[in-house]
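Naming follows writing order (A, B, C and D), and every chain is counted from residue 1.
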Amino acid sequence: MTPDLSVELGRGLRIANPVGLASGTAGFGFELSELIDMDRVGALFTKGTTRLPRAGNAPPRVAETAGGMLNSIGLQNPGVDVVAQDYAARFTGWQCAVVVNVAGGTVDEYVECVRILDGAPGVDGYELNISCPNIAHGLDLGRDPREAARVTAAVRAVTERCVVVKLSPNVTDIAAVASAVESAGADAISAVNTFVGMKIHRHARRPVLPRTGLGGLSGPVIKPLALAAVAAVRGAVHIPVIGIGGITGIDDALDFLIAGADAVQVGTATFVDPSTAVRIADGLAEYLVGCGLSRCSELRWHAELAGDPAC
Amino acid sequence: MTPDLSVELGRGLRIANPVGLASGTAGFGFELSELIDMDRVGALFTKGTTRLPRAGNAPPRVAETAGGMLNSIGLQNPGVDVVAQDYAARFTGWQCAVVVNVAGGTVDEYVECVRILDGAPGVDGYELNISCPNIAHGLDLGRDPREAARVTAAVRAVTERCVVVKLSPNVTDIAAVASAVESAGADAISAVNTFVGMKIHRHARRPVLPRTGLGGLSGPVIKPLALAAVAAVRGAVHIPVIGIGGITGIDDALDFLIAGADAVQVGTATFVDPSTAVRIADGLAEYLVGCGLSRCSELRWHAELAGDPAC
Amino acid sequence: MSGSLRDVRDERGEVTAVDRFGGGMVEVSVRLPHLAATALPGQFAQIRSGDSFSPLLRRPFSVAWTDGDSASFVLAPVGVGTRLLAALRPGDPLTALGPLGTGFTVGVRAQRSLCVSGGLGCAPFPLLVRALRRQGRDVTVVSGAARSTLLYPAERFRRGDREVRVIELTVDGSAGTPGLVTAAVPERIDAATAVYACGPNPMLAALARTLDGCATLPPLAEVSLEAPMGCGYGTCLGCALPVEGAGGVPAWALCCRQGPVMQIGAVAWDELMKLPPAHVA
Amino acid sequence: MSGSLRDVRDERGEVTAVDRFGGGMVEVSVRLPHLAATALPGQFAQIRSGDSFSPLLRRPFSVAWTDGDSASFVLAPVGVGTRLLAALRPGDPLTALGPLGTGFTVGVRAQRSLCVSGGLGCAPFPLLVRALRRQGRDVTVVSGAARSTLLYPAERFRRGDREVRVIELTVDGSAGTPGLVTAAVPERIDAATAVYACGPNPMLAALARTLDGCATLPPLAEVSLEAPMGCGYGTCLGCALPVEGAGGVPAWALCCRQGPVMQIGAVAWDELMKLPPAHVA
C-alpha cells in the first residue's frame, strides 16, 4: 500500500506531499530550482512580497549563533508587480504548489498585494506574514488577535484562493491568535516565524546586527519552542497547521507531525543542505511504509492541553 | 585599581559581585554549599517557595534537547514555613545574599509568603516568580502587565526588603510588563525565566514530558532570546536588571552585561559545572582589570531601541 | 535519608585504558584518585568528556571498578553522550563529579548474596562483588542480556576471584541459558539472604513481581534505578521516582540522593511502570 | 548581473592531503571532481565537514587550486568552523557546494597583472595566477601578512612557474619588506593593466583609497570581498554589500552572486567601512 502524502490546505489547494520550502529561505524558487528538483517538494512559500519594492536592511543581515542564526534582511523583495507580472508565469513550470508570502505595514497593503496577485497564473495561494511591524499601531499585526483577524478577513474577502496565515511566536498566547484568524476565514496556519533574538559582538561591545541589534532566530535551536507553539495552535483550531522551526531532517519533521502539524516547512536547513526538503519528502513515504501507516495524520499525538505548573 | 564588582539591587541590598545562582538550579544552597564556596557568589536565588509544601509533578521532569533542557518540576518545595523557620537561620552562615524566590497561584499567596519570611533572619530579599499559572485567571500573573503590577504592589506594601520581580519571556511585550512592575514598586527585575518548549518521544509518538507535554526550556539555546529580552527590559526601566538565560561562562556573562544587565544569574550550567558562577565572578574582576574598567556598567551598549522590520 | 555530599569532588583525569567488549560495550578507566578512593558500591559519578557543554548535561554512570588511582565505567553507545564516551582514547580528558548517591547495603544480611544484572546493569556489580567478598560473603551473579555479544564478560564480575559464581542467560539463547534474567531468580531465592539488582527499570519491576510471588523473601532486597538527571546531586529535583508514601499516597524520591539504590519494597512499581518513557532509546 | 547556478553541485569527497604552513595556515585538498573541473578563479564553495549541522551554517572558501579530481582550500583556524576544517585529516569526509559566485575577469586587459594578497586573501590567487599565465599574462603577486609565519609560501603562488614574481611584505618586518601590502602598490600601478586584490575588507578599502590617489589607473581593477553568508547561492539575501547605486543612492549587491569579486569602482567603500563589524574575530 503506497501511503498518501498529499495534504489539502483549503480552497482546493492540495499539495502532493507535506514538505514545503519556508518563506525567505528559498527566494522565489529560481536559484533552488537549479539545485533541486522542485517537483519533489510539496510547496514553495516565496520570499515575503510587499506592495512596493524594498531594498532591505543595512548589513550585516545574518549572524550565526550556537545551533541557529539571526536574520534581519528587511524584507528585500522586488515588489508585488514584478512577482505578478514576471515571476508568476515562471512558477507554472514547476509541479509544486507556489504560495506567495505577502507582507505589509497596513491591512490595505496586504489586500492590494493579494488583489494584484490574484489575476496571475502559477500562484496557488497566499501566506500572510503578519509578523512585521504595523506602521500604524507600532505593534506587529500578528501580535494582537484582533489585528490578525482583521487582516485575515480583509484578504479573505478579496480572494478565493487558499489563504494561509503565518503566526509570530513572540506572543503571550499563540492559540488565541490562531483561533482569531481561523474565525476570520484563514484556510490554514503556518507556525512559526522567527523568534526575536540578539547576538553580541563582545569585542565591539555592541550587538552584531545593526540599529536595534535584534534579529529573527531560526534553525535547530528553535525546534523545542516551535513544537510547543504547534501543539498549542493544534489544540485551538480545526484547520490545517503547517509546522516550521528548525527542521533539518526526517526526524524533526516527524516530531512536528506528532505534535500536531499537518505539513511542515524547511527553512534555514535549506541554506545548509538545499536537498533537505526533498530528502524529507522522500523519507516520509518510506517511513510510513515501514510503520504500516497510510497517511501522516496517523502519527499525531492527541493532546489534552491544559494549564500545567512548570519550574 | 581594583574594580568594584558590587551591585546595589535596591532597599539596601548590595551584592558583592554581579553573579547569582538562579532559582531552581541551586535548591536552597545546602547541596551546592558542599561543592562550591558560597561566599564567592553574589547571591543565591532559592528554589521557588510556595505557601504550602508541594510534592511536584510526575516524572519524567527533565528532558535534554540540543543545547538545552526542558523541565517540568512542578515547584516541588517544602513550603514557606519550613523555609522561614528552619532554612533561613542556616542561610546566615554564608556571605552571599540570599533572595527567596516566591511563587503562588494568587496574589494573596505571594503576600502571605513574604509576610512569613519577613520575620526571618538570613533572608535578604524576594524574587517574585510570576511565571506560574494564576489559578483564578487561567493565565500566568506574569503574562499580563496589570496582573504583574498587582502582585508587585501587594508584596511591596508588606515588606521593606528588596523585591525583585522575575519576568516570563513568553509574552508579547516584555518591556510593558517590566514597566508595569517598576511602577508598582519593584526594586529590580530578573529576566528571564524559561521558555515554553516541547520534546517529542518519536518512538512513543508523544511528548517526553507528561500531561501537556510542555516544559520550560533553559540552557545555552535560549541565550540569544534572553539577550533580546534583557535589551528590551533595559530600554524600558531604570531599576537594575538581572540577566538570565544560557550563561555558561564569562563570555556569556559579558554578553548580558553589554546588552544591558546589571547582574546575571547562572542556572542550568550549574548542573553541569557547579563552579560556573564562581568562575564567572572571579573572571569578571580579571576581565575588567584587563580592559582598564572599574565597573561592569561601563561595558554596557547604549541602545536606541526602535521598531525594526525583520525577515 | 541520603548521604552527605561532603566527599563529592569534581575531578578531571586522563583516560588510561579503554577495553572494548562485544556489541559496543566499553570499559573506560580514568585516573580519578579521589573518586577511586571514596566511591562505594552502587554509587555513581556525573561524567562529561572534557569541559564541553555539548551535549549539555553530564551523564550518570555507576562506578564499576576502582584500582589504585583509577576508576572505571562500563557503557555502550546508546545516544549522543555515550557515543562520545565510547569513542574516548587513552590520554583524552574526562571530568567526573562524584561519588554521588546512595549505594548498596553491604551488611550482615548479605551472607549469601544474589546479584541480578540485566544488560548494562552489570556496571555496579564488580565493585559490589569485591566488597561482598572482602566481607567473606558467598556471591552468585545472574547475568542476562539480549544476546551473547551484549553480555558483560563473566570474568569481569569475578576479577580473578574463582569463588564467585556467574550464571549467564540470553534472551535469544545465543549464550548461557535461554530466557530472561528474572527467570533464574526464583530457584535461587530461597538460598539468598540478600538480592541486589540493576538493569532497565522494566526488568527491575519484573523482578519485584517475581519476588512478590516467592514464598520466602530475602531480608535484604535492593535495586539500582534510573531516572533522567539534571544535576545528579539533589538540586534540580528532576530525577523523581515514585515511592510508597505514607498511607498509600505515592510520593517522590530523588534517584540521585535517596537512590539510585533503593529497597525493592520502597519503590511504587505500578506507578513507575505507568510513567511515559523517559528518553528516546 | 551574476552567473547561473547551473554548474553548482553539492559534492561529497574525501580529504586527500592536508599541508600545514606556519601560523596555523592549512591547505586542504579534497577529491571533488566536479568542483575541480568547473571552478573559475575567484569562485568559492560552501564547505562543511561531513553532514553535520554543527556549526549550523556552511563556510565560504575560495577555490585555491585544482589538480585533476582534486580541489584545494586555504584556511586558518579563526573560529569554530575553521577550527574543525583545519583539524581535518586525509580520509575525512568534506562536503562542498559549488562553484559559487562571480570570479575574476581574466580578459585582455589583464596583460600585466598585479595580484594584491593580504593574509588569507591569498586563497584565490594560485588559481588566478595559473589562468593568467595560461593566457600568457605577466604576473606579479604582492603578498602581505602581519608576520612571516602568516605569509602564504611564495612557491604556492608560483606552483613551479618561475616567471611569476612574488613580492612579500610583513607588518612586523619579520620577512620581506616591512609595511602594509597597500604600500607596495603605487610604485607598480603604472605598469599594471589589471589589479586583482583579496584580503580583509578594510585592506581592500585602503587599496581603493590608494588607487584613488594614483595618477593612472589600470583599466581592470577587481577585489574579492567578504560578507557573512547564510546560503552562498542567492536565496537568503543575507550577504548584502553596499555598492554605488543610481544617482548616488547606495544600493545592495549580494556578495555570493554579484560577488565575491566586484569592480573596485562599484563598491561603496565609505558605506562599507561604516558598517558594524560583521563577526566576532
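Definition applied: a residue touches a chain if its C-beta (ideal position, glycine included) is under 8 Å from a C-beta of that chain, and two chains touch if they have at least 3 such contacts.
This one's a predicted model, so the numbers in the text were calculated from it and none came from an experiment.
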Partner chains shared by chain B and chain C (touch criterion as defined above) | none
Outermost chain relative to chain B, judged by CA means, is D
For chain A and chain B, what's the span in angstrom between their mean Cα positions?
-> 33
At what distance in angstrom does the C-alpha mean of chain C lie from that of chain A?
-> 47
With chain centres defined as C-alpha means, what is the inter-centre distance between chain A and chain D in Å?
-> 36
Check: chain A positions touching at least 2 other chains come out as 24, 57, 67-68, 71, 73, 202, 206, 220
Sort the chain contact graph into one of these: line, ring, star, complete or other.
-> line
Complete list of chain pairs which touch one another = A-B, A-D, B-C
Name, in rising order, each residue of chain A that touches chain B in their complex.
-> 23-24, 48, 57, 65-68, 70-75, 103, 129, 131-133, 138-139, 143-144, 170-173, 193-200, 202, 205-207, 211-217, 220-221, 223-225, 227-228, 231, 251, 254-255, 258-259, 299-301, 303-311
Contacts from chain B onto chain C in the complex sit at residues 24-27, 31-32, 34-35, 47, 55-64, 67-69, 71, 73, 76, 201-204, 206-208, 210, 219-220, 248, 268-275
Chain B partner contacts - residues on chain C that touch it in the complex = 4-6, 8, 10, 48, 51, 53-58, 97, 227-242, 251-252, 275-281
